[in-house]
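The next block holds one structure in the form of structure tokens; read it before the comments.
Order of writing sets the labels: A, B, C, D and E. Residues in every chain begin at 1.
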Amino acid sequence: QTAGPPIRIGMGIALSGGLAAFGKSALLAMQLWAADVNAKGGLLGRKVELVFYDDQSNPATVPGIYAKLIDVDKVDLVVSGYASSQIVAAMPTVMQKKKVFMTLFGLAANDKFNYDRYFQMQPNGPVARTEFSKGFLNVAMSMDPKPTTIALVGGDAEFPSIALDGARENVKALGLKVVYDRTYPPNTIEFASVVRAIKSTNPDLVFVASYPPDSAGMVRAVREVGLDAKMFGGGMIGLQSAALKTQLGPMLNGVVAYDLYAPEPTMKFQGVEDFLTRYRQEAAKQGVDPLGFYIAPLAYAELQILGQAVEATKSLDDAKLAKYIHDTTFQTIAGEIRFQERGEWAEPRILLVQFQGIAGNDVAQFMEAGRQVIVYPPKFKSGTFKYPFSAASK
Amino acid sequence: MDFSWDLLLNAVASGIMLGGFYAAVAIGVTIAFGMLDIVNIAHPAFIVLGSFLAYLSINGLGIDPFLSAGVFAVAGFLFGRVFYRAYYYFFERRGDDSLQGLAFFFGIMFIVEISLVLVFGVDYRLIDLPYLARTYEIGVVQIPLRLAAPCVAGVAMLVAIQLYMSRTFTGRAILAVAQDLEAVRFVGADPIRVKEIAFGIAVGSAIIAGVLLIVIQSVEPSIGREFIGRAFAICVLGGMTSLPGTLIAAMILGIAETMTSTFFGPSWSPAVAFGLLLATLAFRPAGILGR
Amino acid sequence: MQRHVASGRAQSGDPPILEAKGVTKRFGGFVALDGVDFAMAPGERVALIGPNGSGKSTFVNCLSGALTPEAGSVRFEGRLVTGMPPWQRARAGLVRSFQIPRPFRRLSVIENIEVPLNFALAEPPPGGKAQRALEILESIGLGAKAYGSPKDLSQVELRKLELGRALAANPRLLIADEAMAGLSDSEVDEIVDLLERLNAQGIAIILIEHIMRAVMRFSQRIIVLVAGRKIADGLPGEVMRQDEVERAYLGQ
Amino acid sequence: MTVASHFSTPSARRTPRAFSLPVLLVGVALVALELFVGGGAGEYYLLLAYVILQYLVVATGWNILGGYAGYVNFGTAAFFAVGCYTTIALQKLADVPLPLSILAAGVVAGLLGLGTGYLTLRLRGVFFSIATLAMAVVLQTLIINWSFVGGARGTYILRPDPIAPFTTYVQYLLVLMTVLATASVLIAIAVERSWIGMGLAAIRDDELAAEASGVPGLRLKLIATTLCGALMGMAGAPFPYFITYVEPASAFSLAIAVNAIAMPLIGGTATWWGPVVGTVLLGTTQQVLTVTISSAANLLIVGILLVVFVTAAPTGVVGLVRGMRGGRK
Amino acid sequence: MANSISIERLSAGYGAVRVLTDIDMHVASGETVALLGTNGNGKSTLIKCITGQVQPTAGRVSATIDGVEHNLAGRSTQDIINLGIAIVPEGRRLFPKLTVEENLLLGAFRAAARPRREESLAFCYEAFPRLRERRTQLAGSMSGGEQQMLAIARALMTLPKILLVDEPSVGLAPILVARTIDTIADLKQRLGLTVLMAEQNFPQAIRIADRGYVLVHGRIELTADDPQALRDSDIVRQLYLGGA
């Protein structure tokens, strides 16, 4: 039996608006964690309760939500919603109250604040900027003959901008020639013009940094227009979700994309498969991403870490928790996690996967190994990289 | 980008295809906003509703949405009529001007959007029609069916509605009703019924535009917001009350976007497209085919 | 072309208060005004008549600035006003009323009068604006409805309001575009009386009217427009006897 | 008939004068009160008040053009964002203190308003509205491509330490916003009761007739667009410090555009207190719903409330109250 | 067949303001009846009671169309128009942004009029050649007189049995006043209409009227069974011919 009032964990999270797809998926994972913990008797013998409010994908609602969570609801712990904008909007309030802040997918959000109780779950590592293109370029340079030219394209938004900045840096270091470097505005519908303009510059590599609807738009346009590049893909958010995978189906073959998890033999962390099974049962009901590869395991792991810290320090004291989290290497369903001083993963683990052998639009195939072959980093490599793009597309 | 005829022709072709789809999006705005003076800011929300109906059609019932679109459009038409009745009852009957309705439609927009979230969830939805996965080539110009089919459907819908407006009595009465509601009675027509039918057509067209949207790209409940600006801009650029004007304006916007995208960098295409609108308004304040 | 400047306060030799030369206005291909010349002396009472569609209202619009003519010039009290916005002309004393009443519907009747009092006058009226507004309303017989809405006025009352609003602008030249259409004989007389009182104060008046009784009673000079051209300009009696006028306007 | 209740008698037109002192006093009292409330549980309420007052400024600004002159500005978010980005640019350039940034934002956004006014002076009614919408899109594109202020990736604006009498920075922000809100309401009152207000009302009803009555239409419209722009810009100026990270999407947010229009409409557009009532009602409701309902349903309820509000009181709460006071109808 | 209007003990007004009191009136088949009275005496209101724009507070309004009697009270304007009663309303009420021809075609909206629209159109153009010249001009940009013609023509397009005309001469040049009144008489003859015409212009109205009523302050002060009786009446002399 549990004793004492529940331990309350508060957050604002996008349940409506443009970020809701990820927000809801993350929330579901966290709710599963709460259920798991409560089934085992809670934390410190107390039940765990999530207190969450819809931030409507609008960061302007966030300061109020966190002030309310901390001052009025008096939650014991806070975690962030998805993503950078919302995290940063909460930072002043959270910092003022000196709360430990576990965050979901903040891009270098703590670089300016240097808050020592900030911990970030996306495995970007200390230098997020360059990480999203590192795998891509690394694999690209392994091709024979070596590529010489690259096209960079991405959306006019935070993540794509940062990923492109990093890509430019990496490309420069490698001495590749940039033949196309343009961005497209949010809510672009027609990507054929973009792809045609890229094609006319004849690049060896095409690196894309995009959000879900444009990721799909780009892939489709590439198939419709045709592209002779040796390698195509990059930091394309959305290709991790079942919705786009099933929509695009065989069009994905050959595309390389960054990912955070793939059901490959190299990624069989403790508990993750069990988690995904349970997640999928719920997700189908709620209209949330039914695969759950992208954000869900990390959201679950986030609370695993917080929970472990509470149990280990036997305390809800933010200072103690922060110290413990800094000092510990955690084994989670998302693998082994250790944080560096600014709260990023000490070792980045951005994967690069290549879609191979996709046939039809059935969702089940994406749960199998061998369809999203990990080609980078070497530690998790699960198959061979196929190139050029046209050949890999078969 | 370096110039080439190949790129130019393709940019124009893409622009036209995009324009055809934009036209479908803007038809309902031209009818409701331009002709009936109803500032239906929730129009894009109705479009997204149409997308989800299409999704339901193929994934729930296994029926090609191009086949069921007609049924949905009729449902939208009837819904639009009921909806207009309510709008009439609460606003027009009392003689309030259309501005009053604006807040009302903002409310409707949220209601539709969140209802979709609650029913369908927040995930991106799309439909896959294998027969549209083809790309035809005419000379150097590539015509992907995924864009061409919605364009053709959009233009066909516009032409059909335009014929209805100019050739039928009810159609002409729709054009008249915005100008002098009471006077429509003097020719023996019931203006409320006329407006009801017109609004029904507007909503019906939104539903079809939604079907076309989900053929073109993936859709989530709040995506309609992105179309508010474009839809209203096209309506105004076209001259408010003119469907042919709407078509021309949609094409212009589409071509401006693809040309900018091809030759100057896509990032500037909204600025060019909407700058064009501003310039047009500055030199021809009544729009292209404004009366 | 003879120019008659009859008695009243006007004296021949005064520089004209209004002088329009070669005013031309086209709508698309259609020529609504075709090189109309027109001059009038301060304090003069002129009637502008012509068949429907002959361009009278269009001419007024060109004089008041609501339309810009394609060619020609308009001088008011010696100043070139072509290209001047309507409100400046109103402030200068060139004021018009509209053929179809255009009240400010969401303002009260008295506020309708206060608008020109606030904007068209060089200095506030002696005794205050509210006072002056009431005076004007009394003088046009709308005193009782001062605080009501124009929505509740009848057509006639709207026409009176239209005139009252023009008066409030303290015109030097008043252009009344069919101020009497639809009024009863006694009301027509009332308005003619009112206009005469104003004229006695030195205001020049252009009357556009189809009610010949009023035209004949009021005007010192008549100008006839037909199809955008001036076909006659002279003393009322003479003009009315001209064949051309009879054919084009009076009938029979 | 109850005509008199709908139309201001001469005394009714003068009433705003009687209100400006109380408004000023309320403003001063609020500032004094805020200085006592520091961190702790108060912080939430300070933030809540900040958001509502920010909308009050926006709604009041919108109403000067939309309510008084009948020109519906759809580009509110652009003016707000210009205020935001003025602060950001000045902060990057020279670390300019916030009160100065607010004034600068007022000037920049006011100039933008003036420019819009000039560009669109030939446009009446809906054409003007759409032109402002187009202007917002163009501006957003410019900002997206202007890397000095962060471009598409956004930029961080960290809050400095609070200055002397203030114990937290939020308190400081709120006091500034309270001053701004008080000022904007006073401006609205001044406009409403002056010749400007009457001229704008005449323009709203019939622009041609107004000009014929000597109303300098263009000049008054320019005054209104400038004031409207300046107030919205000033409302946006402190926003970067409020959310600390600004990207174009959050500065040009739909919420701003919706609220700027919905709040005056709910309250009533004919008087200065319409937007005040509307903001307090809708703003409070939104804020409270956000932190009480833990699902997307809060936006649903906002939507339903909007619909209910405007259907129950189509002339705004002000109109409703007047109607009730006037007896029948 | 018989087409007539009959009004019994009718009272009507706007809100608390009573405009018409105890009106009894009859327009028999094939007659042209003039409704006289100076401004604000209720002529338009009476016509609006017939067309359902104003609902009477008491009394009965009925019309007989092709021998069938219809009670008009409580019916909507469009229903009444559809019975075969057309109106040329006060202020013309055209569709300013539609062309002349579109305005006319709309006139044939009525189910009974639709099949014969081409015929009616030809008739109207023949009766008003000016309209044919201006068929593509927007109605709103036409002069007052042209608009009046269009309003009459539009009413004819509904193929009415009974024509109600509210002050056709307002705002017309003298030459057009006479011509318009003649046109109405002519149309009546050619189409076999029953006409009720509200008019202030007594001398013109009397030229074509078979009978007349004079309204003063919302009451019928005179019922004249022939034109001469109207001319001879004291009231008319007082009101129109400058007596008193």
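Going forward, a contact is a pair of C-beta atoms (placed from the backbone, for glycine too) under 8 Å apart; a residue touches a chain by one contact, two chains touch by 3 or more.
Bear in mind the structure is a predicted one, so any value in this text is a computation, not a measurement.
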Going from chain B to chain E via touching chains takes a minimum number of steps equal to 1
Co-neighbours of chain A and chain D resolve to B
Relative to chain B, largest Cα-centroid distance belongs to chain C
Relative to chain D, largest Cα-centroid distance belongs to chain E
The chain pair with the larger count of contacting C-beta pairs, comparing C-E against B-D, is B-D
Chain-centre distance (mean CA atoms) for chain B and chain D, in whole Å, is 31
Taking each chain's centre as the mean of its CA atoms, chain A sits from chain E at a distance in Å of 76
Chain A to chain B, mean C-alpha position gap in Å, rounds to 35
Cα centre of chain D to Cα centre of chain E, whole Å, reads 52
The positions of chain A in contact with two or more other chains are 15-16, 20, 156, 183, 185-186
For chain C, residue numbers touching 2 or more other chains are none
Check: chain D positions touching at least 2 other chains come out as 1, 141, 144-145, 296, 299
Residue set of chain B touching chain E in the complex reads 169, 172-173, 175-176, 179-180, 182-191, 241, 291
Chain D residues touching chain C in their complex are 1, 3-4, 6-10, 13, 195, 198-199, 201-202, 204-206, 208-218, 270
Listed in rising order, chain E residues that touch chain C in their complex are 38-40, 90-91, 137, 141-146, 148, 167, 170-179, 200, 239-240, 242
Touching chain D in the complex, chain C uses residues 64-66, 85-88, 90-91, 95-96, 98, 102-108, 110-111, 114-116, 118-121, 130, 147-149, 152, 165-166, 168-169
Note: in the complex, chain D contacts chain B through residues 66, 72, 119-120, 122-124, 126-127, 130-131, 133-138, 140-142, 144-145, 254, 258, 261-262, 265-266, 269, 296-297, 299-300, 302-307, 309-311, 314-315
